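What follows is a pair of complexes built around chain A, which joins chain B in one and chain C in the other.
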Partner chain A sequence: MAAVAPSGSTATLSIHRLAPPWVRRWARIIGRRLLFFLITLWLVLTLTWLLTRVVGGNPAFKLAGPTPTPEVVHGIEVKLGLDKPLFTQYVDYLGNLARGRLGTDYFTSQSVGQEVVDRAPATLQLVAFGGLLALLFGLVLGVLSALRRGKPVDHAGRVVSVLALATPDFFLGLLLAYLLFYKLHVFPAPIGQLPVGTAPPTKITSFYLLDGILSGNPGASWAFLKQMFLPALTLGLIYMAPILRLTRASMLDSLASDSVLYAQACGLRRSLVVRYALRQSMTLVVTFLGILIAALIGGDVLVEQVYSWGGLGQFGVEAVVNDNYPAIQAFVLIVGVLALVVYTIVDIVYTLIDPRVRLS
Partner chain B sequence: MLHVTRSRRVVSVAVLSIVVAGAGLLAVAATAAPGTARARARASAGSTLVVVSPVGVPSLDGENFGTSTQQEVLTNVGEPILRFKPLTTKQHGAPIGSATQFVGGACKSYKFTGKAFTCNLGHFVSPYGNTLTSADVKFTLDYLIATKANGLVGMTLSGIDVKHPITISSPTKFTINLSQHNTTVVPALTFWTFDPLDSKEVKKHATAKDPFARAWLATHTAMFGPYQVTKFVPNQEVDLAKNPNYTGNPAAGIPTPTYDQVVYRAVPNDGTRAQLLCSGAASLTKSINVNLYQPLKSCKNVTTYNFPYIAEPTLYFNVKVKPFDNPNLRKAIACAINKQQISQSVYSGQWPPAHSLATPKLPSITEKYDICPTPDIAKSKQFLSAAGYNGETLNLYYSVGNSGQDAQENATLIQSQLKEAGINTSLQAVPDASKFFEGAITAQYGMFVFLWGANVPTAAWAFGAWFGPTSFLNGTGYGTPQTAKDVLHLQTTSLTSRAQTAASQDFQKQFMQNAVVVPLVYQQNTIIVNKSVCGLRSDPGDFPYWQFLRPC
Partner chain C sequence: MSTGEFPADALSSPEWDVGAAPSGRRRLVSALAGRGALVTGACLVGAWIVIAIFAGQIATHDPRTPAGPPLSAPGSFVFGTDTLGFDVFSRVVYAPRVDLYLAAGGTLIAVVIGTVLGVAIGMARGFLADAPMRVFDALQAFPLLVLALALVAGVGQNSGSIIAAIAFINVPIFVRIVRSQVLSLRERRFVEAAVADGNPRWRILSRHILPNTMSPVLAQATNSIAFAIVVIAALSFLSVGLKPPTPEWGEMIQGGTQGIQSGQWWMSIFPGAALATLVLGFILLGEGVQNVLKVERTA
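Presenting the complex of A and B:
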């Protein structure tokens, strides 16, 4: 009877048998992660959808102008589909999402998907640059603090990290703008991605930094870079702190580990020993990097407000303030997907770096 | 020794990395500095006016209502049918416009009979080269009626007959028909909602499904005013350039614009806007947090103008919700409130205490009906005893989304002031603005802090819309045959007549003496201008016209 199994499953079975064990193991790992990814995303979207409808207000009131009447409000509700039962609205939303439609912005009448695509590059560039600065400052100071434990460098690192952790990002943003733009005039006005009077580069990738160079307009890229420096520095300084502390702690653990002590006892060069210790300590830092990127996207919201950056963060705030349901959903979807993708990659990288995770 | 040397090498590499990063920062900073200087120079050079706004413009379609910045932009792109007459007398540091005298506008001359408004159009040409005709005005009114949004409400409030709104006599002459006698229509026609569209241009983008080309109007403008939109990034940036065909109305004191360009940037953070203004990187801003007024005074580059708004943060009672149906309880609360303290603590003394139903900006407003202009705890307790108040806790609703952080501060201060008079309250925050608005006008709250305002500076519009007995927006639930009669009088009598003043004051008397509302402070329309910009004037309709501005 076992021989009459459906042909599909037999084929799958044979592929399974044919595939080398490491492919099967990785297929299992990635499959599990993907399933987890989809379930989490669905949960996040459903929860956000419910919260906006239950806690949020009625956007039709805002669209109806300063003196709304019941007829006008109802007309807008019908136009936006807000008069339908909640379950119908939810099913419509999921159906549209499955077809790749994120809906129409209630206030701009533009496709929300297009708005997200337009705004995302600004945020991605800022987050990437801010993250790089955080990583640079955090890793360097963290390693230094560990190597010079108890010395002035270590104390200074500790003070800096405590200060950075205790300072709200919007406050640091305002402070930096005040000192470096307003008082010292060394940075340009925090008035958006490009200064007034500078035309954006020809759109090729939508990333100003690249587009300026690709379209032969490096001036625009340079202007953008200058505008980006203060917000990126704000993000870099804030998110440097946890990296610094984690690197220091992890590096100290590694330096005191049996393997590193053994390497030292064998008379290996100091730089080699430090490299081993660094690699050991990196598993924790890499894990944290995933959290960092997600945190940067979240933290970027307020920094964008301070610097009038006009990216996804500002888009999200505007959406929430205006009960702009499609925009809120799209913002959550994008941030959720980004965070989940990062976590998934980190999970996979983690298994590559640390064989113990792979075995377990 | 070897270990120490290697360790030092690692340290040196690390230090070097930081030095390199720092040097990079400084290099960028050094090259950025001239940019800042250039920006300052540009903002003060005169050709470009840089306006930084707390919110951006979501859509250029006025019927897709968005933000105050959207209204401001459209005000400067369209040519209103009528304009408030610009006066030369100064109030609050700048010349004002008359709230009762009107000039063209799109209408070179006009005649108002009480039931019909007849207009002879002046010569206006849109940036697309089309001349303004009566057909454009008809198209605009048809569009307002068809979209069933903000404009339709405006038409109804000003008494325009929505079934037969307009009769065209010739390409340059038309009559707007009213369904009943209503004098509000004249000031209402200054409102940007009614600014004529260039129908020839709009129709080019219309489709069978979208006969008024709303999809196109969401991102473009086609009007006859002093400026045209040249760049639009929703919620972030709007660039305006002079309409080359605009001639203004010099005889009536309406000039052509001096600034070639107006650049709007959305800068949501108040602190950032203050820095931009003070540094000269921006020319002008509105709606800044009152707590920043004091620091801004130390900035030598800016002038702060405080013009009265047609809006007031007000403590409302819904007289249909128990126990606020008891006038003595309402009066007890009114007498316990210290408006001076609210003005000082919440608004840094910048917004003065309010003693009238609407701001003194409206003609015929009086403060004489405030039952307790200053707090009177003894009187409050007398009212309380007459009300039979037994110490129960009363809910006080507010929403930061309605007026801002001041709503919470107001509510908290009111709670402590009422406590002094022995009145217990519980604060109920409603974070969402539209939810709060809906609750306020549907009798869900008995006592709430509410910011209300009118678009057209007449008692008929302001009182009729917000406190009229049949108005959907009347969150007080208060209405008597007398208030209904007053509203009718306000609508039918001339704006400058004694009858108008009498009806307005009678209406105010009923609301104030029955303590249906307790006005807290007069909201100020604060415009902060860099000193490189001159010519600012206050418009009774609250929306500024940038064509009056010029470099100093």
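Presenting the complex of A and C:
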């Protein structure tokens, strides 16, 4: 129904008027987010592009094989379009990007878009599970620390968190692999997403965990879960530290707040008061968790390397080391997009936790 | 004056504790607890600096030449030998030289550049005050390790590029800290008074504004050094850092990765523990400095 919008807003779509208020509000919020995101993404992609061209090595050299004579190298440069002036290359890149053509991997000749999309689920599952473990450990210890401030539990929690913060992730990964795989045989070998001899489940969502269950092959899902546990535990233990500190500080603040005082004065039982205090302190923790997961999507490189996980992190590292320009750009692009999705989810969860929050 | 059994500690902050002064023992404990991090951190860092300086005297063998049969467990060789027969102990002891030098160097450069830029952007008004921050935002959107990786892999695997990479990834952090301090300081009364007194710009900047920006910078600097050490080790772990046979903990950990799966733990665990203790030392130092200066840290 094409009703003309009232004269105050000539730019609004006609249907806009008919949508319920909450849809309009969310459309506005997401629209603004998207605009801001696209600008930042463009900036990030351009910076990457410049960095790799200016600072990076010459991929033609690496592709030339055993006899990198100047003629051979130059021939490859022409083929890849690297001999054109920088500005022309940049305009070409933007043009292709706008048309959705992300380019071909210099080394495998496959579409880089496909390559990153293939590897994203592995990283997403790992990071999500790791983040969940970090949340679990950090929240529980943080709340305990806050409730029993100054007691041994608090000090132990602080010691553990500083230790976890100081240990580099690749070392912790190796340590856990040694203890829990080699010594105690609790978990399988760190050789990737699935153990040797297990075929991946049929591809429905391309998330191994779900695909196994959905295609009636729960054994594959279980095997995947077991393989995922150690790297996720590594991530969880390390990132439990900042969550613990944040929860503790946030919880202490909220326990000292007026609303908790009032709840106590009303005579509510202790567990209820704690629950209310916890709810108040959750917004900070949720924000941090969102930032953490978004950062881990591109930043779990080392853990992926130790456990041969084959996700985005490893892909990005290899691309950078090989000067695989289209792969690098695609990697940065997908990390940025996934980060935006995570931030948006966090904001939605925000409003669910704290109804007073109004996203402007 | 505690108002009930729950949660007594949250309510026992000074404003509630009217009248009762804490006992002598409690004061000692709280003073030590505040300084505990500083002392422990300083000891750890100090110990490693001493080890780095006196590595020549402490090490049992030359870290750059094979010393014995490969893959021997700790015994006659204090920490055992690795896959090529190098003595693990000597390499562990020599490695901090490289790490400390690169991490401290890179961070120092980042502090200097970051402070200069931060003051400039902070004192600017209008477009120049916001636009550069968007660029830094975009820069900080990268996973830092990948950024450092790109720089080192591209420019070359030598000390210079590693220092440059560390400086590069840390500059935005310091710019942000200094800029926010400058922004809040420039509206303060004492700055206004200094301007009214007729002080030239440079004097106001150097005498009034700059010294007050230094506390958060110092706290962040120790953290940055800790992070830089981890980054250097990570780069070596990915074989993109300094080339062997230069002893470096990350590279040693990587060399021992295969061994872990068959139970040869000494090649990775010792350098890893060394790395963890040095990083721990800097982190504790940072916390201690923060406690002492009572400063808010910008993450």
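Keep this in mind: the second predicted complex is superposed on the first by the 309 of 360 C-alpha atoms of A that agree within 3 Å, B and C clash if a C-alpha of one lies under 4 Å from a C-alpha of the other, contacts with A are read in each partner's own complex, and residues count from 1 in each chain.
Note that in this section a residue touches a chain if its C-beta (ideal position, glycine included) is under 8 Å from a C-beta of that chain, and two chains touch if they have at least 3 such contacts.
Computed from a prediction, not measured in an experiment: that's the story for all the values here.
**Student:** Answer with clash or fit: chain B and chain C placed together on chain A by superposition.
**Tutor:** clash
**Student:** So, does A:229 touch the first partner chain B, the second partner chain C, both, or neither?
**Tutor:** The answer is first: A:229 touches chain B but not chain C.
**Student:** For A:305, using the defined touch cut-off, is the partner it touches chain B, chain C, both, or neither? Pick first, second, both or neither.
**Tutor:** In the superposition, A:305 touches chain B and chain C alike.
**Student:** Between chain B (first) and chain C (second), which does A:99 come into contact with in this model arrangement: first, second, both, or neither?
**Tutor:** In the superposition, A:99 touches no partner, neither chain B nor chain C.
**Student:** First (chain B), second (chain C), both or neither: which does A:316 touch?
**Tutor:** A:316 contacts chain C only, not chain B.
**Student:** Let me test your reading of the model: by the given contact rule, A:162 touches which partner, first (chain B), second (chain C), both or neither?
**Tutor:** Only chain C is touched by A:162; chain B is not.
**Student:** Based on the superposed arrangement, let me know which partner A:68 touches: chain B (first), chain C (second), both, or neither?
**Tutor:** first
**Student:** Does chain A have more residues touched by chain B or by chain C?
**Tutor:** Between chain B and chain C, the winner on chain A residue contacts is B.
**Student:** Return first, second, both or neither, reflecting whether A:252 touches chain B, chain C, both chains, or no partner chain.
**Tutor:** Second partner only.
**Student:** Contacts for A:197 in the overlay, against chain B (first) and chain C (second): which applies, first, second, both or neither?
**Tutor:** After superposition on chain A, A:197 lies in contact with chain B alone.
**Student:** Of the partners chain B and chain C, which touch A:52 in the superposed model: first, second, both, neither?
**Tutor:** The answer is second: A:52 touches chain C but not chain B.
**Student:** Once the two complexes are overlaid on A, one stretch of chain B runs into chain C. Is it 148-156, 166-174, 274-282 or 544-552?
**Tutor:** 274-282
**Student:** Give me the intersection of chain A's contacts with chain B and its contacts with chain C, in residue numbers.
**Tutor:** In chain A, positions 55-57, 147, 170, 174, 177-178, 181-182, 189-190, 270, 305-306, 317, 321, 323 sit in both the chain B and chain C interfaces.
**Student:** Which residues, counting only chain A, touch chain C once they are in their complex?
**Tutor:** For chain A paired with chain C, touching residues are 40, 43-44, 47-48, 51-52, 55-57, 146-147, 149-150, 162-163, 165-168, 170-171, 174-175, 177-178, 181-182, 189-190, 252, 255-256, 264, 270, 273, 295, 298-299, 301-302, 305-306, 316-317, 320-321, 323, 328, 332, 335-336, 339.
**Student:** Under the touch definition given earlier, write down the residues of chain C that touch chain A in their complex.
**Tutor:** Against chain A, the touching part of chain C is residues 3-4, 6-7, 9-11, 13, 134-135, 137-139, 141-146, 149-151, 153-155, 226, 230, 233-234, 237-238, 240, 250, 253, 256-257, 260-263, 265, 268-269, 272, 275-277, 279-280, 283-284, 287.
**Student:** What does chain A use to touch chain B in their complex?
**Tutor:** It comes out as residues 55-72, 75-76, 105, 107-110, 115, 133, 136-137, 140-141, 143-144, 147-148, 153, 170, 174, 177-178, 180-182, 185-192, 195-197, 222-223, 225-226, 229, 233, 269-271, 274, 305-308, 310, 314-315, 317-318, 321, 323.
**Student:** Name, in rising order, each residue of chain B that touches chain A in their complex.
**Tutor:** These residues of chain B touch chain A: 2-3, 6-7, 9-11, 14-15, 17-18, 21, 25, 28-33, 35-39, 42-43, 48, 50, 52, 55-56, 58-59, 61, 64-66, 148-150, 152-154, 156-157, 214-215, 218-219, 233-237, 263, 265-269, 271-272, 275-276, 278-279, 281-282, 401, 431-438, 453, 455, 465, 472-473.
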